[in-house]
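As written, the chain order gives the labels A, B, C and D, with residue 1 at the start of each chain.
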Amino acid sequence: MGGRLTWLYQLSKAGKLCVPAMNVNDSVTKQKFDNLYCCRESILDGLKRTTDVMFGGKQVVVCGYGEVGKGCCAALKALGAIVYITEIDPICALQACMDGFRVVKLNEVIRQVDVVITCTGNKNVVTREHLDRMKNSCIVCNMGHSNTEIDVTSLRTPELTWERVRSQVDHVIWPDGKRVVLLAEGRLLNLSCSTVPTFVLSITATTQALALIELYNAPEGRYKQDVYLLPKKMDEYVASLHLPSFDAHLTELTDDQAKYLGLNKNGPFKPNYYRY
Amino acid sequence: MGGRLTWLYQLSKAGKLCVPAMNVNDSVTKQKFDNLYCCRESILDGLKRTTDVMFGGKQVVVCGYGEVGKGCCAALKALGAIVYITEIDPICALQACMDGFRVVKLNEVIRQVDVVITCTGNKNVVTREHLDRMKNSCIVCNMGHSNTEIDVTSLRTPELTWERVRSQVDHVIWPDGKRVVLLAEGRLLNLSCSTVPTFVLSITATTQALALIELYNAPEGRYKQDVYLLPKKMDEYVASLHLPSFDAHLTELTDDQAKYLGLNKNGPFKPNYYRY
Amino acid sequence: MGGRLTWLYQLSKAGKLCVPAMNVNDSVTKQKFDNLYCCRESILDGLKRTTDVMFGGKQVVVCGYGEVGKGCCAALKALGAIVYITEIDPICALQACMDGFRVVKLNEVIRQVDVVITCTGNKNVVTREHLDRMKNSCIVCNMGHSNTEIDVTSLRTPELTWERVRSQVDHVIWPDGKRVVLLAEGRLLNLSCSTVPTFVLSITATTQALALIELYNAPEGRYKQDVYLLPKKMDEYVASLHLPSFDAHLTELTDDQAKYLGLNKNGPFKPNYYRY
Amino acid sequence: MGGRLTWLYQLSKAGKLCVPAMNVNDSVTKQKFDNLYCCRESILDGLKRTTDVMFGGKQVVVCGYGEVGKGCCAALKALGAIVYITEIDPICALQACMDGFRVVKLNEVIRQVDVVITCTGNKNVVTREHLDRMKNSCIVCNMGHSNTEIDVTSLRTPELTWERVRSQVDHVIWPDGKRVVLLAEGRLLNLSCSTVPTFVLSITATTQALALIELYNAPEGRYKQDVYLLPKKMDEYVASLHLPSFDAHLTELTDDQAKYLGLNKNGPFKPNYYRY
């Protein structure tokens, strides 16, 4: 969960939110597209454009197995990388196991990996100590929600030399000659070194526009000074608007089936807690 | 969502539930293991044990892209089948697109597919009309939540001959000699023709036991006559109990990180609406 | 390369072969179907029918990354297992790296793996020493070309107890209670504990029949007392006979294209050394 | 098989080759790296850098299922594209089936696909007639061995407008406004719009250097005025030189095993016809 959103929920909890707010980030389509599907592609794109690294056979550690981490891992695994995961949450850790990744502490693999990717939303996940132990040419980058995941500040010390080798790519050089390849100075790789497909922008923009329209049009009293998730029916509407570009054909419930399931034929089709 | 669960929510809505109930089925670990991870394996197992079919190159239509459908599709795709999806929900349909499956109406592909699998929780998804149009040797089976998904009753008519070829496998023979291979008479393939790994049983049993303990131990008033989801912390606990069998090592938050994220170091680690 | 085939080539080399022979095993279609495609499915089937093991999250070491090993690894990786490879051949080892598998010596991982699979065609790949170091409940099986890959004889000693737990499954029990799960007494898992799809049989039988017809019909002198590979055109013919069952539509070369490529429009389409 | 190589074999066949030549292109490591493994990554890279297209859900037709086509298809499938194959060779077509791709004639899918990729080594695979039938925004590119696969000349006619939208990207505009996105004017996408990883260059350069050294050092008479494949032992040597960068550990044959297999412990490990 991103920083601004945490802050919004904290405001709300403290009773200091003075208007209703929509947590658009956690609507299903936005979440899956901006995070899972988009990062599945942008991790490859961002690494390729900056470093020309070959993925096949590379050992990679991905910190965090949320939606972003899941996307990164799926893509890297598919292209022949060997991926390790670090996690704090036992549920996500178990998912990583079932998806075929070893769950380790960062220290267990930091000496052997070729690439380190952070996707935690947390801070100081990669510390100076970790950076000191990386092998020569290790690539370090951040796909998470902030620029705090890698402790870049700790690298701004006199004994280390920084060499800008191309736009968004720095070699940080240790006294013994070891180089760590730092991308985008620890800022978001997907935004700094990759492009966002128009399809993803369309999903996001549609979701945001619908949320604003809903807040604007809602009858007095529907929304209080709190943070709301997008009504599921709107989430489904965003999805349905994007199906034709895939030539996807939805099936319609018969009256009999709708009655059997206790659903309206036009949705919403799932309970609120459904996880997709 | 299964039939008994729908019924429980309907009871609750009607004010007729006379004790608190836990919706254990929708806890994260239970849901993912019983549905996604287990079905990913049991669809292969169930088809193999009953029909010895080779998956490579087979055209398969999977009705429903919920957790069960996602599991079935991932496994079949990985083993070289060409998979089509039918869906009523635009969000799940969009997920199917992004995962590389064509979303079609059943009628568009029914003449060409080698295998039909239902995973909808709905009824009469495969009708007599569909069955009439299937090609010779088409395999039909159900991985969903009930025995209603395939309209098996419509096949019990005088002009069709049933031939039991082995346990759980019937050939239904049309007057022109066409045979449809019906598995488990339309009941659940994963329960009838496949085994459930002890690991999945352990996840399920642990979740159920913890839910009962929680309901029993909860102070008066915590739970009313309603249906509840398992508290996230217990869900995380179930997961953490199963990590050692994978030799998975969790990372612990530092005090500083926990404070930054606004989390307790021992969890729960995610907001309630988190989808995993 | 299987034992009988080695023997055939040795006979030929020694000048002791008294008739022409076709090495049908190494024709492309036979090789890919019997080995790669068939084993990709039968490793899952064989393990499931004997042990009901869940593949997700399991650590597996596969000895040998030939066609059989490649098939086993692809399937297990796809279902969420973490797979390690042992290899003697640097080319196959490099392929394993590029496909996303760590290449190790058996001793490096023998203590941690849940499943050991041999696919080498070699002997004593898994020794008593390895078996002594396996963890409790480790599953050991052979997908290779002989029953010599696992040193089963070394397990027939007084201090170990054998317990037959079901057909084709023995628990070998160490004095400290540790159990190793030995499948098919070290014989071929795919033949002993899995079925061979009719499609694979059709490929194999067609290839063998065509080879016999060719040897029988060939004009005097075309074949000497040596071992021959199936003429490529027949290999292509076997493949083309099996395409209709996938509703696959071949493209035909135009005259102009055939001339440009220096090919006959009816094949053969590849030089003899082509690897597919 | 590339144009220059065809020409070399034609020279040899015509008795006009005046020096020995090594067909380095068909050595195993070179072949797999330059074609399969490299193209698996460069198709994604080339498409992303030029068009920012999202792969998920896109319908793609790949013409040719040789090593290059196999690499492209594996990557695109893994990232959620729906891939169709065209093939002239029944063996490669059968492989495509078993790998989960529908084998079609180009005309069957040309109206519906979002991307057309040629990897055939042939000429005029994509004709003006195909181009006329593509849908708006269809991307067309070539990953094969020549610039003849797409009939680009046929697009240089007065009724079509060319618009250069960025380096290596042209929009060809039909009178009705339809645009086809042509990459690199039909030249090789992987060379024009993507980078070649240093690892691949190292494999290729090592192979070429060893071939030259072998030709130079070979005793009189070993090589005649013909085209030779690299001796397998050198191929294995190239592979073994690149294993340490993956921290891959080869297993050594015991004396007993080498004798059993009839192999030298240092290789070569496979017969010449082995396909990897």
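To be clear about the criterion, a residue touches a chain if its C-beta (ideal position, glycine included) is under 8 Å from a C-beta of that chain, and two chains touch if they have at least 3 such contacts.
Remember, predicted model here, so these are calculated numbers, not experimental data.
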So which chains are sitting against chain A and chain B at once?
C, D
Need the most distant chain from chain C, centre defined as the mean of C-alpha atoms.
A
Homomeric contact chain C-chain D: same or different residue positions, threshold half:
same
Identified repeat of the B-D interface (over half of residue pairs identical), from A-C, C-D or A-B:
A-C
How far is the middle of chain A from the middle of chain C, if each middle is the mean of its Cα atoms, in Å?
40
Please report how many Å separate the Cα centroid of chain C from that of chain D, as a whole number.
26
Gap in Å, rounded to a whole number, between the CA centres of chain C and chain B:
33
Overlap residues in chain C, where contacts from two or more other chains coincide
37, 56-57, 79-80, 97-98, 102, 246-247
Quick check: in the complex, which residue numbers of chain D touch chain B?
56-57, 77, 79-82, 97-102
Residue positions on chain B within touch of chain C in the complex are 37-38, 40-41, 44-45, 48-49, 52-57, 59, 74-75, 78-80, 112, 194-200, 245-247
Using the touch rule from the top, collect the residues of chain A that touch chain B in their complex.
1, 6, 9-10, 26, 28-29, 31-33, 37, 67, 86-98, 102-106, 108, 121-124, 148, 229, 235-237, 239-240, 242-243, 246-254, 256-257, 260-262, 267, 269-273, 275-276
